[in-house]
Amino acid sequence: MEYFLQQLINGLTLGSIYGLIAIGYTMVYGIIGMINFAHGDIYMIGAFICVITFTILGVVGITWVPLALLIVLIVSVMFTAAYGWAVERIAYRPLRGSFRLAPLISAIGMSIFLQNYVQIAQGARVKPLPPLIQGGVVLMESANGFAVRFSYIQMIAIAVTVILMIGLTYTITRTPLGRSQRACEQDRFMAALLGVNVDRTISLTFVMGAVLAAVAGVMVSLYYGVIDFFIGFLAGLKAFTAAVLGGIGSMPGAMLGGVIIGLIEAFWSAYFSIEYKDVAVFGILVLVLIFLPTGILGRPEVEKV
Amino acid sequence: MSASATTATSPRAGLDIPALLKDAALTAFVALILAIPLVGFETFDKSGSTSLGLRTRWGAVAIGVVAVFFGRLVMQVWRQTMLSAQPGQVPLWDRVAGSVPKVKLPFGPFLIVFAILVPILWSGNAYVIDIGITVLIYVMLGWGLNVVVGLAGLLDLGYVAFYAVGAYSYALLYHHFGLTFWECLPLAGLFAATFGVILGFPVLRLRGDYLAIVTLGFGEIIRVVLINWSDFTGGPNGIASIPRPSFFGMPFQAAAPEGKSTFASFFGLEFSPIHRVIFLYYVILALAMLTNIVTLRLRKLPIGRAWEALREDEIACRSLGINPTNTKMTAFAIGASLGGFAGAFFATRQGFISPESFTFIESAIILAIVVLGGMGSQLGVALAALALVVLPELGREFAQYRMLIFGAVMVVIMVWRPNGLLSSREPSIKLNPGKGG
Amino acid sequence: MSKRPLLTVDHLTMRFGGLTAIDDLSFTAMDGEITAIIGPNGAGKTTVFNCITGFYKPTIGRIALTHKDGREHLLERMDGFRIAQIAGVGRTFQNIRLFGSMTVLENLMVAQHNPLMRASGYTFLGLIGLPSFGRAEREAVDFARYWLDQTKLTDKADWPAGSLPYGDQRRLEIARAMCTRPVVLCLDEPAAGLNPRESADLNTLLLNIRDEQKIGLLLIEHDMSVVMKISDHVVVLEYGRKISDGTPEEVRHDPNVIRAYLGEEDVDELPPEIVADLKEEGIV
């Protein structure tokens, strides 16, 4: 029971991180109908900027954790957003209306480019981050001494995710930007005729996705304490699985899918085998695509003939 | 007369220098923002400390930003003078490019003759022939993937999985059943095709972009299984001492086993290890040429036309009674089996295989070859494979930046010439063969 | 020759979520006749086509196709591609769907995919280059040439289909559908976007197909001059329901039809020049 509870907490933390990345996939898919293959690498860049900023702060001498954390979050989010914007501008915008595979191939090229760019710029070795936020709350302790710990960093990750979800829902449903996004999602051409700045809306969608990915990157760096240039690949795949599981195009779906994937990964590692946790996740992706192609919260697609 | 004079000069006259400079400056500014965190600062491991060290590289940032400024400037000028034109005028670049195919050099046959002559031209230079083998492996993989991506329009990001299946098929069949390379070669293709069908059956009904992700996941699954199923696959250590192929039962060894003759003794040659390298070279050349012939032939068969039609419009195909799933499956299985053949050859050439050889990067390289070569173009794929393998050999500097450049070039080609550099489609059948289209 | 029912649609209903696109529609199309389905925009005409050709699975209803030899195919149970392959339903699309980068001839060869696949021994024998496949391919080219001649596209056979003018593309789509040797040909607005001359040529082509191939044609059309000139039988839909069914002459004078097209007001209240226009178009 205690063990189960611990895995539940671990799974939820992991799941909220996947969920944050998954939203980026789902938003971009919703608005331009393509898989932003480089999104996992945007998240990786967010994590790297986090580690670099922390190191700079250490050199400068800012060591008070809440302040450092705030600065790191802001710096990471801003620069990562610039990357997200630039990727769309360089690799995707010129391809609107090109043949079907072109944006996907361009995205893969971008993903390979970003991975190698970071590898060359920062080195191939893993980057350690000293544990900044230590400690936590012991929720319960079993007779044999197994303690269920809810660490502070886990709390922060889940709390930040919840806050961002609320902010995002507000943005989408209540602001002019959200309205433009929903309009572009329905019919980009018509939206343009009605005066929506489609290019700007799409750019901002990428920026929003990158912001969430940057937050996820910061959380992951703090949670695991090590990152490398390749983390975006697997995390991106899993987040994409989460987006498909939740129903691609649906934002609550992406979050839900992320949590489910996080839980599955945590429980699979705990009860079955840690080596095959990634296999389990991909197995789920395939099963979902076969039996529930629209996902849990997705809308069914009617084929236009 | 005066009209033609104005149109000839107008593109250049239309250059708005201040606007161009502003545009380049803006781009350089964005580059500066992007470069500050990741290029400007470098973290490194400090010995004897858990925290990272920090170095700044403002020189590199400055160089990068200046390069972006001038790069953007040149690109925009190029675009406005070469790629755009007044209404009714053909852009300069298209006029230049349009004149190239008219020359009609027999480039393909020339390349084949050259490939055959390589071991003779560089006889004694095992290094060159060895690179030749690597090039040909990638040519074969590129042609194999071209069936899937170029002809059928299915984006397969886990092609390396089939390559791995082929390699492990041979290694395991040898270790468990003692089968030789020549016995395993068809089996490796068969196994890879079976994997292709098993994977393709559930996902080929889905939209194309889902297929890309599922194949990517499949590539990872195969690698994870290879690493973790140690009893069967040897785990991360891989499988060693895989035997080399024999020449009609005659091994390439210094001394023959009891009652047999070696290749060298049979032909009365003095033993030399290069015989084996040359032999391997011709084996892969033959396999690659077989792939080429099969692909060219398939294109002219109903199945090949159905692949191309599916790539263009699946709904129309269904209205013509074409079974989309089965048709895609054949492309997938044929592509997979070609990957399997190449994998078996890879195993016998290396003598040792491990999961390290079958990472996503490998899939990405093969895809890059297909994309750069121009999807569907056999010659383009061969040239792209040659470039991607030989260029890194020319210098370590280049090798380090190889994947960075691949990625960038993939983006640039998609943006600039999505159909590839050499792509011009030749009809599979003509009503009036005499006339040119 | 007495007419034989070819396609029987019984109680067809199609719902998308809460929207009922077709509501309890029944009609019969005869063999060797041109049956037109007309109706205002959004009446559900294309949805009927998509149900018949298997792109949608009807919510309720039965669609039976009877071949000349008496075999009956229940289309609502078949996969989309099998309806074309086995039942013999050919179709064209409202928004032309050609294989644009393939040549005109290649488009027609793709349409003969199934017989050619058999002839190539499902690729294996074709790969070796068996002479029987070469023969089958030549026959397929001859058949394609016949339809190229019929649609006046022979000179452009080696052009990429996407580079043809619009009217040629429309005719090529018909030729392509005919190359599947259908027993019924479904045409979704074949005259849309054609100029009067092309439209007249199309009428001739469709009548020829009816009379020479002796197959049934099903036609969705907005252009009343086409409908009234060539149809043998007209079915009128409005809001997914059938409001009239009969010969063009009968339908033209059906008050229900006039109301559907002109609204509730009496035709006599319209300005005389509009009524004259409508008469010319064949609506009233």
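Order of writing sets the chain letters: A, B and C. Residues in each chain are counted from 1.
In this section, a residue touches a chain if its C-beta (ideal position, glycine included) is under 8 Å from a C-beta of that chain, and two chains touch if they have at least 3 such contacts.
What you are looking at is a predicted structure, and each value in this text was computed from that prediction instead of being measured.
Visitor: Kindly work out which chain lies most centrally, taking the average of its C-alpha atoms as its position.
Guide: B
Visitor: If you take the mean of the Cα atoms for each chain, which one ends up farthest from chain A?
Guide: Centroid comparison gives C as the farthest chain from chain A.
Visitor: Write down the chain pair with more C-beta contact pairs when A-B is set against B-C.
Guide: The comparison resolves to A-B.
Visitor: Taking each chain's centre as the mean of its CA atoms, how far is chain A from chain C in angstrom?
Guide: Centres of chain A and chain C (C-alpha means) sit 48 Å apart.
Visitor: Find the geometric centre of each of chain A and chain B from their Cα atoms only, then give the gap between the two centres in Å, rounded to an integer.
Guide: 30
Visitor: Go ahead and note the Å separation of the Cα centroids belonging to chain B and chain C.
Guide: 44
Visitor: Scan chain B for residues touching two or more other chains and write them down.
Guide: Only 315 qualify.
Visitor: Can you pull out the residues of chain C that are in contact with at least two other chains?
Guide: Residues 55, 93 of chain C touch two or more partner chains.
Visitor: Any chance you could list the residues of chain A touching two or more other chains?
Guide: 303, 305
Visitor: Which residues of chain A touch chain B once you look at their complex with the stated criterion?
Guide: 34-35, 45, 48-49, 51-53, 55-56, 58-59, 75, 79, 82-83, 86, 90-91, 94-95, 98-106, 108-118, 120-123, 125, 127-128, 130, 233-234, 237, 240-241, 244, 273, 275-276, 278-279, 282-283, 285-286, 289-290, 293, 303, 305
Visitor: For a test of understanding, state which residues of chain B touch chain A in their complex under the given definition.
Guide: These residues of chain B touch chain A: 30, 33-34, 36-39, 41-45, 50-54, 149, 153, 155, 157, 202-203, 206, 208-210, 212-214, 216-218, 220-221, 224-225, 227-228, 315, 360, 364, 367-368, 371, 375, 400-401, 403-404, 406-411, 414-415, 418-419.
Visitor: Of all residues in chain B, which touch chain C in the complex?
Guide: The contact residues of chain B facing chain C are 294, 297-298, 301-303, 305-306, 308-309, 312-313, 315-324, 330, 425, 427-432, 435, 437.
Visitor: Which residues, counting only chain C, touch chain B once they are in their complex?
Guide: These residues of chain C touch chain B: 53-55, 80-82, 84-86, 90-91, 93, 97-103, 105-107, 109-114, 116-117, 120, 123, 126-127, 129, 137, 141, 144-145, 148, 154, 157-160, 176-177, 180.
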